[in-house]
Every structure is written in C-alpha cells, then in structure tokens.
C-alpha cells in the first residue's frame, strides 16, 4: 500500500513549510491534498482556448471559479496577478507562474523564459512559484540555469517551488513521446534531483513503448506506473495534470488512479473551465470527492 | 455595450497611477482617452519616411505639432529626448521609447534592442516608457528577457509601461499575417499576461484567415474583432495604431470602431505628419472629435 | 543658407559641454570647428598602413603631428593612450577610442568589441570617447547593447560621445553600398536617435543609387546630400571623414562642401600622415583654411 | 615504487585541508584512502538504472548503504541533499554534486550545467563539492568558465573541489575513445592544471590505440598507465571510478591496480547498488580490503 | 642601431613598474633582459609533450630548473601555482597564466578561456599575468572582451600584463600562416594597441609570403622583420618565443637576431625541458650568453 508523503518529510525550511501548510491545510479540503487551477493558457496557447467558454477569457471569472470551487490555489502569470489578484488577495492561494512562452515560434529548442521573480511573488503575497522545465529539450543548458537561479531565490525567501516537469524535444518524441511512462518517470526524478518542492507531471502512459529504454518495454498497469512516478519524485510532492479537455469519466478515473498511486493532488485547467460555470462546478465536485478519499494527516 | 476600463481597475501602484492620470486627464482632451504621437520612424525606417514632408525630419517640428494638436504624449528615442524635450519639458508628456532597431539587417529573428533605461525616463521627466515586443519572433527568449527587466524597473520606479505588441516572424506570416485578428488577439493577450500597463496593437483584420487556428476561421465583423482584442488585453489599457499612411476617411472609420470597441486611445504617426502642417492639424481635429465621444469618467 | 549647430542647442550636461567647449574653442582654430586626427588604423588595418610613411608607425610621431598641425584632438586606443599620451597630456585633446577590431576575420557580422571604458577615459584626462557603430550589421543587437552601455556611462560621467557611424553588412552592400547617400543619411540619423553627441560619417555619394529606397533614386547634388545628412543628425555635431588616401584637391573640395553643408568639422587620418612630415603639414594648412571660413560663434 | 600523495603536499588552504582530513581520516577506513558512493545516475541516466534493484531508487536507502558500508562520502545533487541528508547529517560526509544533466538531448556539445553553488554546500554542511568537466567537448569554453567560477568560490570558502574529469566529444571518440590511456591521461592533467583538489577518472585502457598521438601508440601495461595517470594529476588526489556494472573479480582487480598505481581512492556506484543489499555489502567489503592495503600516513 | 625600450618609457603605473623591475633587474641576469620558462603545455598539448623527458611532467622539476637556470620567471596555470609555487615562493617570479585550453576540440573558432583572475595572481604573489590572444580568430569578439576585463583588473591592481599574441584562424592560414612576418607584425601591433605591457610573439618568417598584403610581398631579412615587429609593438616590451623543439644552433641564432632586433627577452619552453637536466642547463647557458650582450640600463 502506498504511504502518502507528509510535509515533515520534505526537507522544507520554515518559510516553505508555512506556505505549503497554508495551501494544503487551510484551503481546499484542508486534508493535505491539493486541487490547483492553472490559468496560463492565454499565454501558452493564446486566446483560442477561450472560445469554448468566452467567460473564461476573464481572469476575474477564473479566480471566482477557484474560490467557489474550493481550489487550493490558482497559477497565473505576473501581469494577471498584478491586475486581478488584489480583489481576492488571501482568499485563495496565489501560485505565481514565473516563466512561460507563446506557442507561435518553433518549439524545436523549447525553453520557457522568465517573466517574474521569486521576489515578485513575495511582494504579491503568493504562496508558491511555478516554473516550467522542459526535460529533454536541446535548450537544457539554459533551462537548468534559469531553474537554478529560481531555486536559490526560493530557498532564500522560503517560497515553495513547483516545477511543471514537461518532457519535450526530438529525443523525447522519438522515444515513446512526452507522456510515455519513460518520459514522465524521468521528468519526475529530474525535478526532485534539482530541488523542486512539488512537481507537476502528465498522467503516464505505460503503453507508449516505441523505442523506450529496455526496462520500460514491458507491460505495466497505469496504477503501477503512477506509483513508480510518485516514487521517482522522492519526497517531492507530486501533482498530476489533466491536460487537454477530455471525457469527464475518463478524467475522474485518472484522478482516482493518481491519488491511489500516492499523488498529493491534481491540477486541472481546461477540463474545468472550458464549459459553463455550473458544469465546471459539478466537475470540480467530482474531483473533490476523489481527493476526500486520500487525506494526509 | 462596451464598458471602458478605468484607471482604478488596472492594478497600478501609486507612481504608475499618478503618471497615467497626468497623461489621460491633464493632457489632450482630459477625458480619459489618449492620442499619442509616435516618432521613432527615423530609426525604424530611416529618414526615407520624411521625404513626404521634409519638415517632419525635425523633432522640434514634431513636438510643436504634438503641442498644437493637443496630443496626450509623444514617443521618442533617448537621443531625441535628450536634445529636444528640454525646450518643451512638461508641456506635453514624454513617452521614452526604450528599444528600437533599423530596418536594414534581416528581420528573420526580429528583436528590438534596448537603448535606454527606465531610470533614464525618470531622469528626463517622462510619464511612461515604451517597449516593442515582437510576439511570435524566433528571438522570443531574448525579447521576453528584455521585457522582464524593463517591467521590473517600471514597477519599482512607478513608471507606466506601454508595450508595442507587434506580431512578427515566419509562423505569424504563415498564419494570416501580422494584422490578422488571430495575431492581434494573441498579441494583446500576451502583453497583458506579461505585465504591460498599456498595449499598442494594430487594427485587427478578421478577414485575414489563411491557416489561422480554427476559432478564427469564421466571419467576424471588424467591430467584434476589436471588442475581443480589447477584452483579451484584460485590464490593460489598449491603443490602436494607424500604421502606414492611408486615406483619411478610412482612418477615421478605424478610429471610431476602435473607440466604440473599448479602446482607450489612438496612436497615429505617419498619418499625421506625412503632410503639411495645416493638413496635419485638420486630421488631428477629426481624431479628437472621435475621442470626444468616448469619455471615461 | 545653413545655420551651424551651436553647443547651446545640443542638450549637453555640464561635463559634456565643458569638454566639447575645450575641444572646439580652446584647441585647433578655436572657432567652433573641429579637425581630428584618427589613429586606430594600426589595429583596424594592421601595420600595412604605415609602409607608405614608416615614421607614422610611431604614435609619438602622430601626436607631435597633431600638435604641430593644430588639431582639435587625436583618437587612439587605450594601449597607445596609456603609453604615449602622458608626454603630451593636456596639450592636445585625447579622444579615447573605446572599441575596435582587426580586419583579419570575416566581416560578415561586423562588430567592434570594446577595449576600454568611459571611466578609463576620465582617468586618462580624455575630452571625449569614440565608439564605432556598424549601422545595418547583422550583429545590430550586440552593437546596440554595447552602445547603450557606453552612452549611459558617458552621460553619467559628463563625457562627450562621438559615434563613428559606419554603414556595413550585406543589406547595405546590396543597396548602394556603404557610402551611398541613403546609407550615410540613415547612419547619421541612427547615431542621433541613439544619443551620440557627435557623429562621424563618410562623405555621401548621391550617385550611388543601385537598389536604394525610392526617395534616394533621384539626382541630388553632393552639396544637397551633405546638407540633408547634417539635418538628419539633428542637434548632433557632425564630422565628415576623409577615408582612404586620395588626391589633395579632391579632398579639399570634399572638405569645403562638408563645411558649407553645415558640418562641424573634419576627421582626416591616412590623407594626413601617409606622406612625409612637411607634406602632411602643408595639407593640414589647406584643411585649416577651409575650417577658418566656417566659424561658429 | 609509488609514493602516495599526502594532504600536506597538496597546496590546500586551511578550510580545504580540514574538510579533506575529515573525509580521509575520520570516515571510512580512516587510513587516508577514500571510498565514495556516487548517486547522480537518477539524473544522468534516469530512473532506468534502478530497475535492477528498485530499492536503490530511494536516496534514503543509498545513504544507509553508505553508512553501513563505511564509505568516506556520498555524492548527490542539491534536491536530494536538501530532502535526505538531514536525517544522517554528519554521519557520512556529503559531496554536493554541483552540476549534472539528463541523457536525453544530444551529447554532441556535452556540457553539464550547474544546479547548486559552493555556498549551498557550505549551508548543507558538505565536506566537498563535485564538478563534471567534459575534457575535449566542443563546449569547452563554457565548461571552463563554469569550472573557474566554482574553483574560485571553493578557494574562497575552503571547500575541496572534486572534478569528475570525463573525456568527451567527437575528437575524443576519434582518438581511442573516452577511456583510452591517452584520453584519461590528458583529463587527469587538465583537472590538475585547472585547480582540482581531487580528480575522478575512468580506469585507463592503454590497449585503445586507434589514432592516438604517437607516444600512446605503444604497449603499456595497465599498471603503468595508472601510474602515469596518477603522476599526470600532480598533487591532485586521484580517484578511479568503477563505471557501468561488470564482473566483481574484474572490478576488484581494477581497484587493486588503481591503488597500487598511487590512486588515493575509489568511487563505485552502480557496481555497488545494482544488486541486493547483502550482496552490496559483500562487494564493499572486498573494496575495503583493497584500500586497507594502501594506508597513507 | 636599435635602441632598446626602458621601463621608464612604457607608461606603467607604480605597481606594474615595481613588478617588472623585480622581474627584469632582480632576477635572471639582472640586466633588463628576460628569459622566461613557459609551462602550460600539459594543458595546451596534453601530457604527450612530456614523453621526451618524463621528469618534465613534474612542475616541481620545472620550477627547480627555472631556479637553477637563472630564469626571470615561470609561467604556469592556477592549479599548478596553487600546488607547487609555495615551496619556492619568491625565489623565482611567478607569471600566472590566466587562460588556456586543451588541443582536443576543433580550433576553428580558437579562444582560450579564463581559468583565474588577476586577483588570484595578487593573492599568490605573482609578478605578472599572462593572457593568450588569438589574433585573427573568428572568436575575436569574445577574445577581446576577455582581454579587456583582464587589462582593467591588471591596471587597477598594478599587475603587468603579458599577452601571448598568436595569429590564428582560417584567414591567417590563408595569408602566409601564423608565423609569417605579416601575421606576427599585426599581432604585435594589436597587443600594443590593446594595452599589453609585454607581448610574446613567434619568430617572424618574412619568406612566408603566400597571399599576404602587398607591402609584405617583398624580400625582408629576418633581422629587419624582427626590428619592425619590435617597432610595431610600440613601447610594449617584446619577447620572442622558441616554439616547438628544433636544433640548438638554429635556436641560438634566432635568439641572437631577436635581441639584436630590439626584443627585451626570450621565452623558451620545450627547447629547454624536452631533454635531460644537464643538457637543459647547457642550452640555457647559451641563451643567457646571448642576453648578456644586450643589457638595458
């Protein structure tokens, strides 16, 4: 049986523990699990993501959704944080997303440039910062350099560091793709080795086995893959993301498997807000029901 | 009906609000709208732009035009600001354009290098700084890094940041071009996400639909496109630019649609000064008549 | 008729005005004109330039020539300044050339790296610094970044900034070449926009019209071209350079046209010192005779 | 006969000598030899290395193995150090590995980016820092720049610097490969010239002679090659690594030859932990038996 | 007749003059000439250079040779200086070589990265620093940037700067090669222009005339070429290097021509130590006999 990681085990300094405690025990279900609302698609994909539900183009709408839905935090870029968070400051934890990019230019050397600093996050009352790391990108050298600078500031200022660990690049594409068990497994480990306090990964697909290293070229159940990914993160709290919008039942099933496998929480964006408000809340209720079954005390 | 954004809603610190209030309510019509005179073409295109009206080669002539025409501000580079603004200091707000480039070398990796700092702007009594962001350029990484540094200085010094958000690069050219609704929409959103206080965009062309993402491959009226661009900017004041010189009636029509769609103001350069002085003033009067219909109180 | 620019009109701070006053009114003819002796060819072209007059290989010889010839300043690199200027310190103004390169590697991405700082110039008692800007080079981004740093130091330390504005690169070569009216016109404007206090350009050739932009594809007299170049520099004092050695009468003719067109001065190197000492002085006398006709009071 | 290097001969400042004394005389056999456990494979190769013994995926398991096996130190990345070292702080010396990379992107310009600083190592109570230098990589310029910064911090803070000197790159591959006598010999010398206090090299293979420089294209015994590598390191303590898992007897033979040739110690990872715990300890006992024969007093 | 440069003429500040005086008048022959022993081949070429005389692999051996041979200084990298100079500190001047590279990766964009600082040299009691400049390399921009930083630190700290001025790159190879009169002449001038206090060049070969600029495509005696190289260095003390090992008589002849031509000294490495100790000393005696004939008083 899987034992879920507790905050005491994560090697956190006082500031980091204070802020993560606030996120995990003073917001959302307050049971040590996490449900995050990411809202950086306006930059990452452009406004095209909002045509499915035009109201979702408004950050104010999204923050209100996070509040009403009982999320543990909302992840946004500096511009939106400066303009929209003040109205609801303190009511829902802010995760300041420090880097991001548009999808317009070529992704061949994927790198997500910094737009804000950990000090910005402190100034805005954020409870965590987010950094997108493209594990496997040819731009690895610059990506790691950026991450190091963020990690040091986060350590110094007691700010939890959440790493969006996304496999990316030609070598990944050639070996099972970006959500293969192999890729997700390696990504989780990398984030942990490099000092993430929390890591966000995609749901692993053990059936994607084209040209993966030998140990991955066997049958694994999804549940087993999730468990191994959680273990690879080592004392790094793990979030599983929903990705592009898909069927609700399939999503809830993934959420359940994630939590059963030892994840600390879920991070769902488009699956939540690419539909009308009442439907969003209904879906969120189902996600919360899953989380309620996996308290960490 | 469109509600125009007010300064109270923009998440501005005291210094930024002070300066923007001065621009919007103490100059021009003083009704919360803006009419800016950009004058960086001597660097961006070279002196060839001045043959249509040789007097316009003189920054002194242009500043006097801004004064007589009742503009809310004039945007120039550091060299011209140092040499010409003293004579009229305080009479018309200075927007120090911080970056710029010549059109001579290849534009394939478009990037506009910095020539001055926010501290230079403070020293010169400027009320805002301008930064050209090439949304979609392959040089995105360096562009975003420059913007971040400017944003942080602007935040620290209470200086409003106006982003010239220009779609650019092979991927943009291949998807509807730089003034498609898609491109302008994305550009406005990007500036807002990354911390612009005000954003300048080109007038959107919803009819340019070659290879744009699905949601843009439908019929939109120009008015609707403008409204959506304004909304995509989120609490970022929006300016629509005139671009290259064209027919006056068409320009005035665009200006009206822009303001009706929720823009805060207009930024017209060559359409204003590539003609004799009296004609310039007549055209400006028509622009002011448009602005007078859209006060923000 | 051309009105020559005075120091009062140039937007100079006290330190810059002090030093330029010293150069223009306390040295040379003392009438507001300038005659400079550039001596960076040993680095830019290598010692091959000195075979025509081996004595000219010695910086000491050159400084003595500047003194005897009544020049307003001598432009040299840091190494020569450290070793040779002390002997004549204060007797002739020093213009510390801050950047330079050898002609050995490919010029395709022309950039002139920095070798000294404005603070070095202050320490050595210099009255100005010189910076070579390759207008139009593919390395524009790095070139502008260097220039910005120099401009800021010069502003802070009250040191006049002289920009060697040289059109360069494939795009320039394809459009009339580096001394076309188009190229020189654009170069002068660029230096002024970016904060030069004085700009050095080549003598413009309006007859070089291959593939230039439309407004330049007409007949202009040389005199008219010079006047327009002076005007494009805007309140930036303009120097015209002699370039490679050519016939004396042609050179004097160019010098006269330059001054008649509104230039502040001349900068002649190889035409002066690639000949025996007495001949050098005779040629300098002719240049001074030209300058004497264009006092700025 | 080989004389083993003593700490007194290594040009160490007080802080470095204190920490190396602790590693060599207060831990492990306490006889001046060293047995290190490297554990950066989770980042360098990914979790695939742990399938042979899944328990080894846990840093806690590895640290306990280091303790029970009587190692002189364990080398891990910052993320694992922050989360796992506290539990056993001071019980086994920590070597903070400062750089590292994943194996996913192309290795053509091999460079290992920094993830932590010497100051991080001081804060965590580490007794040394580790840096991977890819001797021969086309990225030599950036690699040497990183190393210089680390060396200076290490000197200033009295922290021993262990360089993982790995030959790498096309030129190495073409001349005997990365574990040829030629390559290892050059790598050891390079680390010593550039300021390593201790250097880790692969076991040299004098029989790999394809296209090596003339002096290496002769027969050398392995023992002689090791001796020369030790000598090339000059007053830099030398460690020989085990590399990928291979037969135990062969490994012990290599270990013996290394120590006989003058090495200060051994660094074995996968050969130790890619097997069950009792087997690991049995193998470690054999390694310690070798070390016991080569005390440095 | 050639007049040799004296320290008084070199534009040195007090610290630089103190240290150069120590090198030139308190060591070696004490007559103002210099004989340096360079020992960076272990890094530049690798240990293959030591097979001719295995004892020479030891820095201790080399320092003792410098002492016994009465050299004016020894040039080594930081790692060797930290570990070996203490034993003989003050007995022979230390020239800390600040940059260097291995010969393994491609030399197409030759650049020698920094490994130590001028402050390191001060800390170690060095009397000069050495910097390798690859005159003509395509990496000229980065090379000059490094040199500038070193020059400024050296000026600030009163540390003499010796530039190893090596012509390098495709353009050099195509025009007479790296030891043509043209290349060496240009290299000497470049070092002087950029602020070297002393410059090391290869012996010039006026007979290498393939594709050199016109003035070099004539007959020059070796002696004349040396004189011109000395003159091109301008008040920069000049050293001529021995290069790869060659016949003794030819070497002594070169040494004599160098000193007769006005050089301040010689720098011989492999010609000295790629032979047994007694032979080394015999050869050094011959070099000293040459130097004794050219005192600078």
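A, B, C, D and E are the chain letters, set down in written order, and residue numbers restart from 1 in every chain.
The working rule: a contact is a pair of C-beta atoms (placed from the backbone, for glycine too) under 8 Å apart; a residue touches a chain by one contact, two chains touch by 3 or more.
What you are looking at is a predicted structure, and each value in this text was computed from that prediction instead of being measured.
Asks: Could you tell me which chains are in contact with subunit B and with subunit C alike?
Replies: Neighbours common to subunit B and subunit C are absent.
Asks: Could you name all chains that are in contact with subunit D and with subunit E at the same time?
Replies: none
Asks: So what angle, to the nearest 5 degrees, turns subunit B so that its CA atoms land on those of subunit D?
Replies: That rotation is 145 degrees, given to the nearest 5.
Asks: Can you give the whole-Å distance between the Cα centres of subunit A and subunit C?
Replies: Averaging C-alpha atoms per chain gives centres 58 Å apart.
Asks: Taking each chain's centre as the mean position of its Cα atoms, how many Å separate subunit C from subunit E?
Replies: So the centroids are 36 Å from each other.
Asks: Which positions in subunit B touch two or more other chains at once?
Replies: There are none in subunit B.
Asks: Report the topology of the inter-chain touch graph, choosing from line, ring, star, complete and other.
Replies: Topology of the interface graph: a ring, with each chain touching two neighbours.
Asks: Since the chains close into one ring, what order do they take if you set off from subunit A toward subunit B?
Replies: A, B, C, E, D
Asks: Looking at the complex, which residues from subunit A come into contact with subunit D?
Replies: Result: residues 9-11, 135-138, 140-141, 144-145, 147-148, 151-152, 155, 167, 169, 171-172, 182, 185-186, 189-196, 213-216, 228, 231-232, 234-236 of subunit A touch subunit D.
Asks: Which residues, counting only subunit C, touch subunit E once they are in their complex?
Replies: Interface residues on the subunit C side: 40, 42-43, 46-48, 51, 57-59, 77-80, 82-84, 86, 100-102, 104-106, 111, 113-117, 120, 142.
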